[in-house]
Amino acid sequence: MTRKILAEALGALLLTACVVGSGIMAERLAAGNAAVALLANTLATVAALATLIVLFGPVSGAHFNPAISAVALYRRQIEASTAAMYVVAQIVGCCAGAMLANAMFELPLVNLSSHARHGPAQWLSELVATAGLVLIAFRSPDIREAAWRVALWIGAAYWFTASTSFANPAISIGRALSDSFAGIRPVDVPGFIAAQLAGAVLGVVLLRALGEPKVAT
Amino acid sequence: MTRKILAEALGALLLTACVVGSGIMAERLAAGNAAVALLANTLATVAALATLIVLFGPVSGAHFNPAISAVALYRRQIEASTAAMYVVAQIVGCCAGAMLANAMFELPLVNLSSHARHGPAQWLSELVATAGLVLIAFRSPDIREAAWRVALWIGAAYWFTASTSFANPAISIGRALSDSFAGIRPVDVPGFIAAQLAGAVLGVVLLRALGEPKVAT
Amino acid sequence: MTRKILAEALGALLLTACVVGSGIMAERLAAGNAAVALLANTLATVAALATLIVLFGPVSGAHFNPAISAVALYRRQIEASTAAMYVVAQIVGCCAGAMLANAMFELPLVNLSSHARHGPAQWLSELVATAGLVLIAFRSPDIREAAWRVALWIGAAYWFTASTSFANPAISIGRALSDSFAGIRPVDVPGFIAAQLAGAVLGVVLLRALGEPKVAT
Amino acid sequence: MTRKILAEALGALLLTACVVGSGIMAERLAAGNAAVALLANTLATVAALATLIVLFGPVSGAHFNPAISAVALYRRQIEASTAAMYVVAQIVGCCAGAMLANAMFELPLVNLSSHARHGPAQWLSELVATAGLVLIAFRSPDIREAAWRVALWIGAAYWFTASTSFANPAISIGRALSDSFAGIRPVDVPGFIAAQLAGAVLGVVLLRALGEPKVAT
């Protein structure tokens, strides 16, 4: 169990360091072209996410995301105590990852974001992105397949949703700690988390409707 | 059968939401550089298409495209009634997907496109893209291989055809509902569909000429 | 044998249509940023090349390249008569592909290039790119692996060589027929072909030095 | 053993030629947009690294990196004499690769870099990148998996670390020989190497903490 908690925390840390760090780098270099910055941020996220899922998947299942752990609990793939410890590890890891990114780029370790992200269109975006994520994660036959499918879905959703697809309550908290490209104002975090949890519920409904041929955690 | 129809509709919906939504996002961020916008639109489409094919393939075959369903019917891989229901589900899904993208980006739900796309060069482009798609889809040995091959072919064809490769009658209709980067004027849709169907016929001819070693639906 | 010739010609045609067509599209859209144009040209080429190799590989081996056919002949994997017909099919296919791209983009079908590419640095580049291509193609254990390895090598070499890595005598001839981003002046083609053939020889030497564990054609 | 040394030297040479050469090409074409240049440099590196690992992995294990050879020695996967010869081959290969890139782009063969890279944030970045690289390389079940995981990790780390992730003492030396986008001042190389070796130690600690289920060289 210690190893599982370590894997969830370390995976969440490295994922968030990548999302936030590549956002900072991209914004600094992109000479004002936000599409180029988001493109770099997307490619770095997809690459890191796929790698981290196969790296930590055999240890903990590579959730890195309270929405995934909650659905796994609902589907009785993990126990309540495990889910609780996973969620704590994910939140701690995501916050530490944002701080690591800040440190690598010589910013204050905690640097609350001023990036406003709210309103029905943003919440609809998070709902769609998270529902799709749940569908894809729990219909993947194994960790290796899940790695590619989840990473590509998130990469696509960075672009086709208006919110750039956080789709993860823990990383939403972590991203509040960096006032940069990938940040979110602390006051906007609860709305994102509510939309993500609603999306997870929709994902479960769709999983049932489609008949759930295969299961992966 | 209900699950198959649901899978076709949901896949067409998410694919179109991705194509249209990432087009809107890309155009907004790209600061006037259309190549950067098309690059982002391409990568999002490739990622979503590959993911959706493996996600829904085991349920419905993941056609998402009347041209594919028509060829599958011609090759007696599906029945006429199935093909008819698939095509309806695909068209409904693509229209709903364009509306979902409009909603996520705070545009009117139905927002007819003013993007002119017509003329022999455009039609030749659609013919080439669709013929290649049919060749690739029906020579893939299984769904997982088809996912990568089809997604990469479409991604390449976004760039090497003058029409950016719609290659799908249902998505041609759906894209008419969004006045954005990925849109097409309603009046130009019939020409595109005719060229796509001609391309499907050419694809069948080439499949025969090459000897069709393997079949996938 | 007819099917093999058809596969080589059609593969060469589609590959060249992609290289030339995506170059035209990229140059038109890139607003003067040549790096963005080459990026799009690279991604389209990689995607098409990987797809075409798995599509036509089971039929003809998916050479599409006289340098590959020459090495296969030297290694006695194909007969001299086959190699000769392959080379003709490849050259005809590449020329037709450039013409198809010109047609899709409303340019004159034959449009001789004025893009100067010559000198020792360019030839050294072609030698390195082709030697690497031969190493990678003939050390791949099967067609599916070869598809990814060859496509990624060519994609990398578009950037790390000064010549943008043609690495193929047939496509060098075809690209002379389009006065666009991916073109080459007819007068510069012989120098490129000589450098490519020298690279193929170097590739064979390296294959021997490394011990050739596996063979694929 | 001669073949192994040749594989390490040739792999290091081609990898460095790609990193340096694509940096030169990208900087020349990118019209001042450093994000576009780094994007091209990243994609070329990822493509070449994945290809070179599967190409040379069956011969030598495809280390190309003294930090990897040192960890392999510590884990008793290779002998001390092999590790010593590998490190020499890697350094010679990386220097030759930088010179090859300079030659392809008509620059002086040895062209000492003036690109300053130093300070705690840069060293922290190298530590994180190398620790992650060790974790990923030694938890990969085989060479084919290692190829994708290592290449994607390095690609992500080009963006999410402030140092653009050299993560390799030999390539740090080689990159000092080119005064271009990917270069590093000779005086800054020792600091990078120290941080990379500290990262390798951290990687070994994390490997132990996670339980090391699988081993690959």
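Order of writing sets the chain letters: A, B, C and D. Residues in each chain are counted from 1.
Definition applied: a residue touches a chain if its C-beta (ideal position, glycine included) is under 8 Å from a C-beta of that chain, and two chains touch if they have at least 3 such contacts.
The structure presented is a predicted model; accordingly, all values stated were derived computationally and were not measured.
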Interface sides of chain C and chain D: same vs different residues, half threshold: different
Cα-superposition angle relating the copies chain B and chain A, to nearest 5°: 90
Centroid comparison with chain B (C-alpha atoms), farthest chain: D
Inter-centroid spacing, chain C versus chain B (mean Cα positions, whole Å): 28
Whole-Å gap between the CA centroids of chain B and chain D: 40
Numbers and ranges of chain B residues touching at least 2 other chains: 33, 36, 39, 43
Of all residues in chain C, those that touch chain D in their complex: 32-36, 38-39, 42-43, 46, 121, 124-125, 128, 132, 135-136, 139, 145, 149, 152-153, 155-156, 158-162, 206, 209-211, 213
Of all residues in chain B, those that touch chain A in their complex: 3, 6-7, 10, 14, 17-22, 25-26, 29-31, 33, 36-37, 39-41, 43-45, 47-48, 50-51, 54-55, 58-59, 100-101, 103-106
